[in-house]
Amino acid sequence: MSLHFAIAAVVSLVGALLAVTQANILHAVFGLAIALVGVAGVFFTLDSPFVAIMEVLIYVGGIAVTMIFAVMLSSVSNPKERESAGRRLLAALVAVAFFVGGALVIAHADFGPGKKLPPSAWGLEQVGRDLLGRFNLAFETLSIVLLLAIVGAIVIVRKESAMPANADEEAS
Amino acid sequence: MSSTSIGLVLLGAPLMAFFVALVVFRKNHLAAMMTVLLSGAATCASAVFLLATKGGTPAEQASRAWIHAGGTSIEFGILLDGKTLIMGTVVSVITLCVQVYSLSYMSHDPGRGRFFAFLALFEWAMLSFVYSPSLMQTFVFWELVGLSSFFLIGFWYRKPSAIAAAKKAFIMTRIGDVGLFIGLILLFQTAHTLDIQTLNTMSVATGNFDSGRIELITLLLFVGIVGKSAQFPLHTWLPDAMEGPTPVSALLHSATMVAAGVFLFARFHPLFMQAELTLTVVLCVATFTAVLSSTMAMVASDMKRVFAYSSISQLGFMLMGLGAGSLFAGYFHLTTHAIFKALLFLCAGAFIHEYGTNDTVAIGRAGARKLRVITLGLIIGGGALAGFPLLAGFFSKELIIHSLHDKPLFLAGAYLASFMTAYYTFRVIFLVVFPNQDSAVQVEEPPADSHDDHHSSSLPLHAPILLLTVGAIAVGWFGDSIASVLGLVAYHPSLPEMAPAIGVALGGILIAWFDFGRKSAPQTGFISKLAPLHTLFKNGWYLDVIYKKLFVGAAQAVAGLLFGTENHVLDKASDMLGQGTLTIGETTGKAQSGRLPLYIGLAALCFSGAIIALGLEMMR
Amino acid sequence: MPQTLTQLLDGSVLAMPIAAGLIMGMLTVNVLMLVWAERKVSAWIQMRMGPTEVGPFGLLQTLADMLKLISKQLITPSNVDKPLYHLAPLLAFAPVVAAVALFPFSESTILVQNDYGLLFVFAFGGIAVIAIFMAGWGSNNKYALLGAIRSVAQNISYEVPLILSALSVVLVVNAMGPTLSSGDGVVAINGLDLSHIVMTQDQQGIWFVVLQPIAAIIYFISALAETNRAPFDIPEAESELVAGFHTEYSGMRFSLFFFAEYTNMLIVSMLAVVLFFGGWDGPVLPGPAWFFLKSYAVIFVMMWVRWTFPRLRFDQLMTFCWKVLIPLSILNLLATAFVIAVL
Amino acid sequence: MSSDSQASEGEVYSLNMGPQHPSMHGVLRLLLDLRGEEVIRAKPVIGYSHRAHEKMAENRNTLQFLPNTSRVDYLSGMIYNLGYCQAIEKLLGIDVPERAIYIRVIVNELNRIASHLLWFGTFLLDLGGITPFLYSFDDREEILDILDQVTGSRLTYCYGRFGGVTWDVDETFLTRATAFLARIRERLHMYKQLVTDNVILRERCTGVGVVSEALAKSYGVTGPSLRASGVAYDVRKAEPYGGYDRFDFEVPVLHEGDTMARFHIRIREIEESCKIIEQAIEAIPEGEILPKKMPKRFKLPEGEYYFAVESARGHFGMYIVGDGSDIPVKLKLRTPSFSNLSAMPETLAGTMLADTIAIVGSIDVVMPEIDR
Amino acid sequence: MSSYAQLALLLGLGIALGAMPLVLPLLIGPRYKGKDTESTYECGVDPVGSSWLRFGIGFYVFALIFVAFEVDILYLFPIALVYEDFGWRGFVEIALFLSILSLAVVYAWRKGVFHWAK
Amino acid sequence: MTLEGALLLGLMLFSLGLYAVLARRNLIGILIGIELMLNAANINFLAFNYFIPTDPAVAQIIVLVVIGLAAAEAAIALAIILKLYRQRNSVDVDAMQLLRSTGAEASNE
């Protein structure tokens, strides 16, 4: 199990590295897809196969695809714009600081004794039962959220607002 | 069923109706039917509450925390005591009646889906207000009542006068609301609780509050009531609110909107009782309003307008009763008035709808008495309003007059108003029942929005009128029950005590008969012989004009003054100030770079620092 | 319970490589057969002979073609986006190999037994979408990019009715028998397990095509679109886009796409058989025989359709999906749920 | 509804369709400006198969030019070949024997059917229907065989002679032609069921690529493409030549002007051609196929002359300037495909990419005819 | 070895197996390189402009709708497994869920998203 | 595999996401970072639930909801990015400074 976890973790880290370092934004999206496949692998090792499959289906099959479309629609002409070294350094500093702090906390936190539940309690049936049962509000709300997302996306994308294209330029 | 679940139906059904109607508002019929059905459910729920309560049962409260803020949790829920039970039932029944009535009345209006949605919203707001257990809920729904009435008055939003009326209603009540809001905040600050029951209990025990404070608070609350219940000097919005559809007027004038003010007074009755000064102010204002608006009603030619003025005067009556200390009298009149006033408006609406004019004379001449059911409703409702013996209004009005017996000045005002009420009410009745085709009276108003089709015979139009007619006859006899629900003891004035009032009322009717009823009556009214007075009354004592002159003039004067000051004194100073500000702004604005990553980065850095600190702390 | 390959090989380290080899062999034979069949079917439909020269009935023609393709030069156009260009064919190829392993060829023959087989099949399809994008973008060719975009838009759109129709079946499966008795005793049924879907049909003695005819039709149409088969072969419409997203691919790289495409046909057909046609269920013949017979029957219909219909225009295709198929499949799902609730 | 439609977004880019494209007819190159799937501008680029036929005509005598004619439009070469003969005959006043007239009509119409059949197949291929292509080529093959039998060539015929035809036809030819008529009628019925009634085809074609009557006239569109736009112009009826006035046939006209109309017109023209062939076979007289007396050299009289025939694609005109020698000073070919293609930029703008292929397919262009 | 690991392994092996035949042509294939061998195909003429283009937004709207839609649908799978246990309540919830989902289709339909303007 | 290991993985992914958010100028790049951070949180949810479970399926449901919300978020965010691109012809976050302090000289011009 540990081996599986390690492999999945490596895949996700490599993907994430690609996703954040690739200058070509399209490559970064593919990196994200790889990272998320890795994350899905981690989910498998954490006994949540359904969530893992959802991760692949939604992130890789859906969100990544939409992102690629967005890249194609927006950043095609200059996909390889690299940020300045100083900026990357500063960002790296902040990220590393965060990582160090988090690692310190993890290293010294006491999470209490671990225990295991029977696998049946983890099953998809249980998820389904909970979704229909005690978490049904979350279930229905989610459908509304997604409906609103669709409506919002359509509204945003389709309607041209009256805002001039070069509002910023006019100000200066 | 627990009271919580009934309460859920009671408050949930109208809200649901609102949303359903809002969603399907293009499907007018569906929206209307859904609203009526859900409103019916709410009515049943309120009736269940009322019937399940035996007199004097202690108040019951069911609420859920709504917002937690600091140590206080603001609750949303229902409070069941005598006041809410009666008022809630009256509100829901009358709203249901009006909605049923509107099924027919609005049947050809293209926007009636929207109309029913707003009706439902109105009902929900009013019920939530009435059943409110906390100050916060009270205030929120007080405002929502105002908002929904704004929507309804301005329902025909293509009509400029309707928009103007809606705005006027909204703004004038807003003036009062400012007072109310300050009052409520002060109250909370004083009592440290939002719970109404606790408040009232606390206020009864003397010494809890500083009396000066109480007077200030109650006066501020009364300002709100003046706005909402259309008392002088903020009464002018109510007659203009006639621009909305007639069912709206019926609702507005009887059980909702204006009643909210009186109900608020009753709600905080124990508190008001602690403030002598406020009570005197209340009595003064109420009496003056009652007389003043009655004079206007005597000469108004628009049938709805007559009833509108009468509403103002009757509200004055209620406040007189309450102000005089008799909760029962005022509350009883609130109940009876709701019923007969709704009835009168529905009848007026039916006439207007049928004959396409608002003018009483024109309606009478057009043969309105042929609509027997409606004419009957008008007579009964009018009788109740006039205090005709044994009808609903009679009993409650007697009680109010009785409660004033030791305040001769106000008593006299009450008698005067009562006389005029009888007069103008029967003026309308006689004009409708005994139209005189030959009389010289000019029809003043142009025809209202013409309605090509007649629905006067349809069941939805008649059923509410009949129901309310029965109510206007019967409710007066239930004084004892109402008193017992309120936890009070009913008081029955003896016949001698009632005699003057009866006499005044009958006198008013008699003069009305002389002026309008008898054969070859002039049908002009005695006021018109006193031309200046007539003009004065007709124009509502020129209050609107005065307000305009007063406020606009004052504002202009102030503006002129300020303009001068600004030009000659402040300009230089402000220039310097502006320059200074700009310099400061430019300096500090550099931090406001608009660079999102910078902001996030700083935040993340701070957060990271905090985490590192936490980690180091844990290491130790 | 079905016997998985690992069990067969007694947990040997080599189990998976052997399995992969087996699958590869099977798929290669399958693709060779399918291409031959496509040629023959098209020939029959067009009243001609088809391949006759190489091998009996031209059976080895495709093999010869494959050898030719292997011996061809791999041309990499100079201005492609190299990582994407090279990775795309592999990424199109790998998921289909893994997906095939999930199918139960008979009650006891299944390579990888998984509780979520149905979802995995869809998830592997999702990876293929990314591969198409990579190919289209990586090629730096307008036809390829346009073809890829069309293909992706089409694939994701038709995935919705596809999943919805499968969902109806899952509902039916779980409603039909909450438990299932098999050799090892009674187990709870899981409608996402491909073997369970088949076993339910087997035990109830009814194919779901009877219970879910609308879902079956929707599935079939969507499957045509998912595999880019005519009349939905718009991404590769040779009359417009030359060859769609694999315009710039030649030799074995093209073959990998080609391989994936034909294997996809097999996968959607096998899924159709599992979902609607009772899987391995059938008299006399052994399970795998029935399974493949049915699958090839479905494929035959797909070929038949391809050689019969002209192609839709792209907007018509999308409109058809969103205005007809998706509402219909939602209604079908609702109706299914309703019937189950009533019963 | 979609004035701000999503298709009107995105970058405008140029795309070459052809010259080496699977669906371009010959070596036509369309330079398309696209936005997403929408065609903003379409610019035909021609000249990839230019052979200088007109220049050749100025450098050889009238007889030597005869074989060139069928290379101009290799799909209806017979019509061009015979049309050129008819032009010269008219110029020189040569009388054509009756039998030759009938033979010419039969082979002309057979060639027209062959051309339309090829168009039928390729057009459906453009729409993605592969099978009809093979079916219609099967039928066309029969015509090619029949013509091969009498002319000795399958595509680029040189069957015409000034004054008649090269070889006489025999009974076998007439029987085969009759048999073919029966066959093609049966097949047309099948095509109707298989193709014309197909809902996808109708969806793809109806209302697509509308060439209005005005547009067609302004660009000089002729042939079936013009008749689909509502103009009943056919040289065989308008200025009868070669004995076409003896036959009873109709000129089908539709008014929609869309791709579907062009499709229907050609199908119906096949039927009409069948009718003509049927009548010709029935009425063919015995006799000579060439006039008895022929001039040795075909000297063109001085002056300018114009003669037109109806090819499978429309009005094919020859403008000849003679100076008394047998070498034309100028021989200008007015070819229908060129005019028909000129109308395309206006028609294609605003359509979708897939429609472009269908529309260009539906007007049936032959590239050598355009490039000459 | 869990079946998930097996699948992952198969996926990896698939890539390896796919890479293998790509090596073969390098060994046995010809290595011709002419002037235009490695040029981009655009019907035999030089390509006009770049091939990395911004295509119409129409595709993108579909992708947006699809993302939300797919998520919605996938939630139904765990529900489908236990649907029967919930009876009418389950139906009401699913019906509610699906009708909200359908609203998205209806909205997009009404807004003309599915209408691909020519 | 331990809880700490999983948490560390989550932390790494989160840090990488943070880096992307800060370093990227392309809005889509920032969105990628955000998605990474979301998934890091998902890992933590599942890890805690796996190693020290209190309520069996709740983490899975939380993660499912997060995935759903991420999808909605991505849809809206990408729509906004596209809109920005159309109006300003750029997806550079540094160019999105309408709310920045412009200074007096800018407003005077």
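Every chain is named by a letter (A, B, C, D, E and F) in the order it is written, and numbering of its residues begins at 1.
As a convention for this text, a residue touches a chain if its C-beta (ideal position, glycine included) is under 8 Å from a C-beta of that chain, and two chains touch if they have at least 3 such contacts.
Just so it is clear, the structure is predicted and the values come from calculations on it, not from any experiment.
A.B. asks: Comparing chain centres built from Cα atoms against the global Cα centre, which chain wins on proximity?
C.D. replies: Central by C-alpha mean position: chain E.
A.B. asks: Can you name the chain that lies farthest from subunit A, using the mean of each chain's Cα atoms as its centre?
C.D. replies: Result for max centroid distance from subunit A is chain D.
A.B. asks: Comparing centres built from CA atoms, which chain ends up most distant from subunit C?
C.D. replies: In terms of C-alpha centroids, the chain at the greatest distance from subunit C is B.
A.B. asks: Using mean C-alpha positions as chain centres, tell me how far subunit A is from subunit D in Å, no decimals.
C.D. replies: The mean C-alpha positions of subunit A and subunit D differ by 61 Å.
A.B. asks: Please work out the Cα centroid separation of subunit A and subunit C, and write it as a whole number of Å.
C.D. replies: 29
A.B. asks: So how far apart, in whole Å, are subunit C and subunit D when each is placed at the average of its C-alpha atoms?
C.D. replies: 45
A.B. asks: Take the average of all CA coordinates in subunit C, do the same for subunit F, and state the distance between these two points in whole angstrom.
C.D. replies: Taking the average C-alpha coordinate of subunit C and of subunit F, the gap between them is 35 Å.
A.B. asks: Can you tell me which residues of subunit D touch two or more of the remaining chains?
C.D. replies: 6, 9-11, 13, 15, 21, 37, 352, 355
A.B. asks: Show the residues in subunit F shared as contacts by 2 or more other chains, in ascending order.
C.D. replies: Only 18, 22-25, 64, 67-68, 71-72, 74-75, 78-79, 82, 86, 97-98, 102 qualify.
A.B. asks: Two-or-more-chain contact residues of subunit B, please, as numbers and ranges.
C.D. replies: Residue numbers touching two or more other chains: 597, 601, 604.
A.B. asks: Going by the contact rule at the top, pick out the subunit F residues touching subunit B in the complex.
C.D. replies: Listed in rising order, the residues of subunit F that touch subunit B are 18, 21-25, 30, 93-94, 96-104.
A.B. asks: Residues of subunit A touching subunit C in their complex?
C.D. replies: By the definition above, subunit A touches subunit C via 24, 26-27, 30, 33, 49-50, 53, 56-57, 60-62, 64-65, 68-69, 72, 124-125.
A.B. asks: Which part of subunit E faces subunit A closely enough to touch in the complex?
C.D. replies: Answer in residue numbers: 2, 4-5, 8, 52-55, 57, 59-61, 63-72, 74-75, 77-83, 85-86, 89-90, 93, 96-97, 100-101, 103-104, 107-108, 111, 113.
A.B. asks: Name, in rising order, each residue of subunit B that touches subunit A in their complex.
C.D. replies: Touching subunit A: residues 597, 601, 604-605, 607-616, 618-619 of subunit B.
A.B. asks: Name, in rising order, each residue of subunit C that touches subunit D in their complex.
C.D. replies: Subunit C residues touching subunit D: 42, 45-48, 142-143, 146, 230-231, 233-234, 237-240, 242, 307-316.
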